[in-house]
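You will see two complexes here that share subunit A, one where it goes with subunit B and one where it goes with subunit C.
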Partner chain A sequence: MAPTDPNHARPIGDDPSSPIAPATAGRRSSAGRTGSDHRSDPVRLEMSWYEASARQRVAAFLDADTFEEFVGPTERAMSPHLPLFELPRAFDDGIVVGRGRLDGKPVLVAAQEGRFMGGAFGEVHGAKLVGLLRAALEVRPAAVLILFDTGGVRLQEANAGETAIAEAMRAITEVRAAGIPVVGLIGGRAGAYGGGGLIAGTCARLAVSESGRISVSGPEVIETNRGAEEFDSRDRALVWRTMGGKHRRLTGGADAYVADTVAAFRDAALDLIARAPAFDLATLEAEQARLEARLTRFGTCRDGADIWARLGINDAQAVPAMTDAAFTEIAAGVPEASHDAR
Partner chain B sequence: MESLTFRHTTQKPLPGTKREAITGVVASGNLEVLLERVLAPDACEVAVETAINGYGDVWEAVVADFVARAQPGGLRISINDGGARPDTVALRLLQGVRLMEA
Partner chain C sequence: MPAKMALDAILASLFPTGRSVAVTDGLISGEGSLDGGRLVVVGIDGDTPLGVEGALALSRTVLDAMKVGDKAPILVAVDSDSQRMSRRDELLGLYECLAHLAKTLLLADRLGHPTVGLIYGHSAAGAFIATALATRVLAALPGANPSVMDLPSVARITKLPLDKLEAMAASTPVFAPGLDNMVATGAVHAVLDPAQPLDAQLSALIADLPAGDTRDRLGRERGGRPVAQAIAERVVSQARGG
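Up next is the complex of A and B:
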């Protein structure tokens, strides 16, 4: 482990020793936004979203030193259920919530820690997200940002977790109906699965990196229920062709595809906040029509690559190995990837 | 689960003014360390919740070594452990006091 560096200390919740690989591939130019002001820390913006902890993501993503945590670790709002199973708890129950500024604008933010219990929703974890969303109706921020990193509901407290998912989805619709964009960012190791995938589907806009995955039933769940012939969860290429960031972007399941850096997610969030759709009947009808058309057009496909070919991509098999820059160019030419719905 | 608490007297207070810090994540082979400057300047308490039973002697030795090295006077340190090795525990504790010294 590397020695600690006090210059990188932040108010609370840093993990300076964690192996943050500098992500280099396909980083979008953020110098115009981030280099010209003092709102964010250039070194931290370069770090890998995938490798960072929830606290590191929040600290680096928001304008420097603007994050104020709600129900922080010193309040010890921990799971009442995990001790019954002889399982260790976390002081923040695996989610960091609070407020801060993004390019000067006030935002509320929630970040899941995918390494604690797979980022899963327990009672306290879910209540913190729901409480944040309900607070948005009072404080009316410029946006609510959800940094997903979750396998879904925590099985040890499943009833409370499932209830939290439903409450979070309802709260998101209320926040959106009040004219506040809710934007999801997905690029952690746990992805956005189970109830987390459902909540992601309720957001106004989603940004995803190549590592990010979005689905409801995870690979191992499908294999357990339907057999390895239906879905081999160990086939990682298959998993990403079916649920990965590139696939979700091409089918319009995500609205932005970004490199694996904090800077890229930050730029995408600002862009998506600015063009979030209204939450009205027209948007919902457009979403219904979009999903019906997708089912009609791709319902018989057996593999993600079949869908990409049908979308008009010449060399569909080459998509998984494409660089971020090459893929962004391809995605820009796919009409289905962009829409006014959701 | 096992709960362990160790109380030490230090020769001096930990420098710095930060009230609290947290480092690490509860995961397999990892731990989180929450530090709060709430005790008398010559007191340090380390409270451990660990999923792995039967290693009280090792914890006691690691914590005693840490207190001797860091002199973390004034700190209440709370640990949620997911089965970290002693060397990881020692590094996390030192990371934590470094954050508090800032």
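Up next is the complex of A and C:
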């Protein structure tokens, strides 16, 4: 299948590292007040989520001027390990964490910066997310939002990154068990890969855009280990049919599909916060049944389009080129796509 | 590196009076008796990669253990490969299956089942996170070889020469594969002595489980993660203020 969407030309995961420009460091969002503390700025709301930086996403996503960062770039909490590899560091280690308001409600938020080391989990990066989740147990926000944009573990700090991912998953279940929804938003250039995919799967709800990819092994990793016959990582259309936002939404791997704008992610987050499943035995029994049914029904499928056809979509081949509005309508008619089993 | 202890020898030392533990397609499940009660065993043997079916088989066992109502301790014994790397596994949502397995173990812990990991061979990446690292404490046996990625692969991706990486690995626990390094980061709580009975060592671990997640504190004390605990605490402290 030929790529039919401009998204297919976009780079996949593990972008070359580029440090965050220190010039933007520490600046509190101040632009674009609309007269209401409970509204975000209309111009910034139309910004592309994919193109925005982590800081731009947070500032535009939350109610205007409500974001307060914890351990911000002025504190210079940088990786103690990257210099060993002669690699540049970022003042925020590629993640922004803090508090703000979403439609007036207090929330905690973490946003990964996919343009620094592919948004990967290093020691400081991971510890900031873990700290935010632990803080949620004390300050009891209306929700915790994780804006994923990560290739997974940062190899230069692999053991620290992997352990932090395990800590974050444990902390998410504790926050959820305390009745606080943890919602993941996935639409950045690095996707949610590796341990980032596992953390995403631990959240109560996930929203994804077409560009959002969720996966454990990335295309390059599969190709390196198993060969191009197993997975040609340069075949972008294949990548999207296997792990892209539309496939995840249709199969119930994500709970909302949104256009690539800050406004769409904001609306989806508000909706998902209001209907987050509990973290208990009933939910996990339901998830077990849901995932077992998926393997039974689709275990022999070779391609995403085969699964979509079995889900009852008449023209499965047309799904990749569908507009967001048309796709959302189709997804609404797929019973498997929507559930409380996560 | 010391030789890997075989699963049969581990089970014999854990359950001197007998057990009912099966290994099917590399997946361990069963139970034995410990201190007069039940000990549930799940896990992965034989350097087996963990794919969608394996993850759901293990999570089924953990869910069943929760339904019994005896709050039996759960041992997660691991000698695995990484997650199974394939187009099919990702197509079918491996991230959901692995996260689901981790969630069942974390819920069991919440519901009062002591959960202990035991790495006795290899494990890596997603398979490691979804199993042994989703327990309250992770123990290891000498000969265990946890890793995120082997050094030749790290060399390929970081574009650093392998000999330079090997030299760096000798002095820097934060990225290098191996048990000692995972102990230093705090991921591995304790290393057991294979020459002593494992049942008593496991009972002692269960009797002395930490109340919460102590891995970042251990990482600071042992030097493998020098700043993680302080950073997390700073975030909590700033969130508390204001």
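Keep in mind that, in the parts below, the second predicted complex is superposed on the first by the 304 of 342 C-alpha atoms of A that agree within 3 Å, B and C clash if a C-alpha of one lies under 4 Å from a C-alpha of the other, contacts with A are read in each partner's own complex, and residues count from 1 in each chain.
The rule we apply is simple: a contact is a pair of C-beta atoms (placed from the backbone, for glycine too) under 8 Å apart; a residue touches a chain by one contact, two chains touch by 3 or more.
Model, not experiment: these values are computed from the prediction.
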Let me test your reading of the model: by the given contact rule, A:D340 touches which partner, first (subunit B), second (subunit C), both or neither?
neither
With the two structures laid over each other on chain A, which partner does A:D315 touch: subunit B (first), subunit C (second), both, or neither?
neither
When the two structures are overlaid on chain A, which partner does A:R115 contact: first (subunit B), second (subunit C), both, or neither?
first
Scan A:R55 for contacts with subunit B and subunit C and give back first, second, both or neither.
first
First (subunit B), second (subunit C), both or neither touched by A:R170:
second
Output check: A:D65 vs subunit B and subunit C. Expected answer is one of first, second, both, neither. What do you get?
neither
After superposing on the shared chain, does subunit C or subunit B touch more subunit A residues?
C
Per the contact definition, I'd like the list of subunit A residues that touch subunit B in the complex.
1, 4, 6, 9, 12-17, 53, 55, 73-74, 83, 86-91, 113, 115-116
Contact set on subunit A toward subunit C in their complex:
68, 70-71, 75, 77, 80-81, 84-85, 97, 99, 108, 123-124, 126-128, 130-132, 134-135, 138-139, 153, 155-167, 169-171, 173-174, 177, 192, 194-195, 197-202, 214-217, 221-222, 224-226, 230-231, 242-243, 247-248, 251, 253, 279-281, 284-285, 287-288, 291-292, 294-295, 298-299, 301-304, 307, 342
Spell out the residues on subunit C that touch subunit A in their complex, using ranges where they run on.
52-53, 56, 59-60, 63, 66-67, 83, 85-100, 102-104, 106-107, 110-111, 125-126, 128-130, 133-134, 147-149, 153-154, 156-158, 160, 168, 172-176, 181-182, 184-187, 213, 215-216, 219, 224-229, 231-236, 238-240, 242
Which subunit B residues qualify as touching subunit A in the complex?
1, 20-27, 30, 32, 34, 36, 49-51, 78, 80-82, 91-92, 94-95, 98-99, 101-102
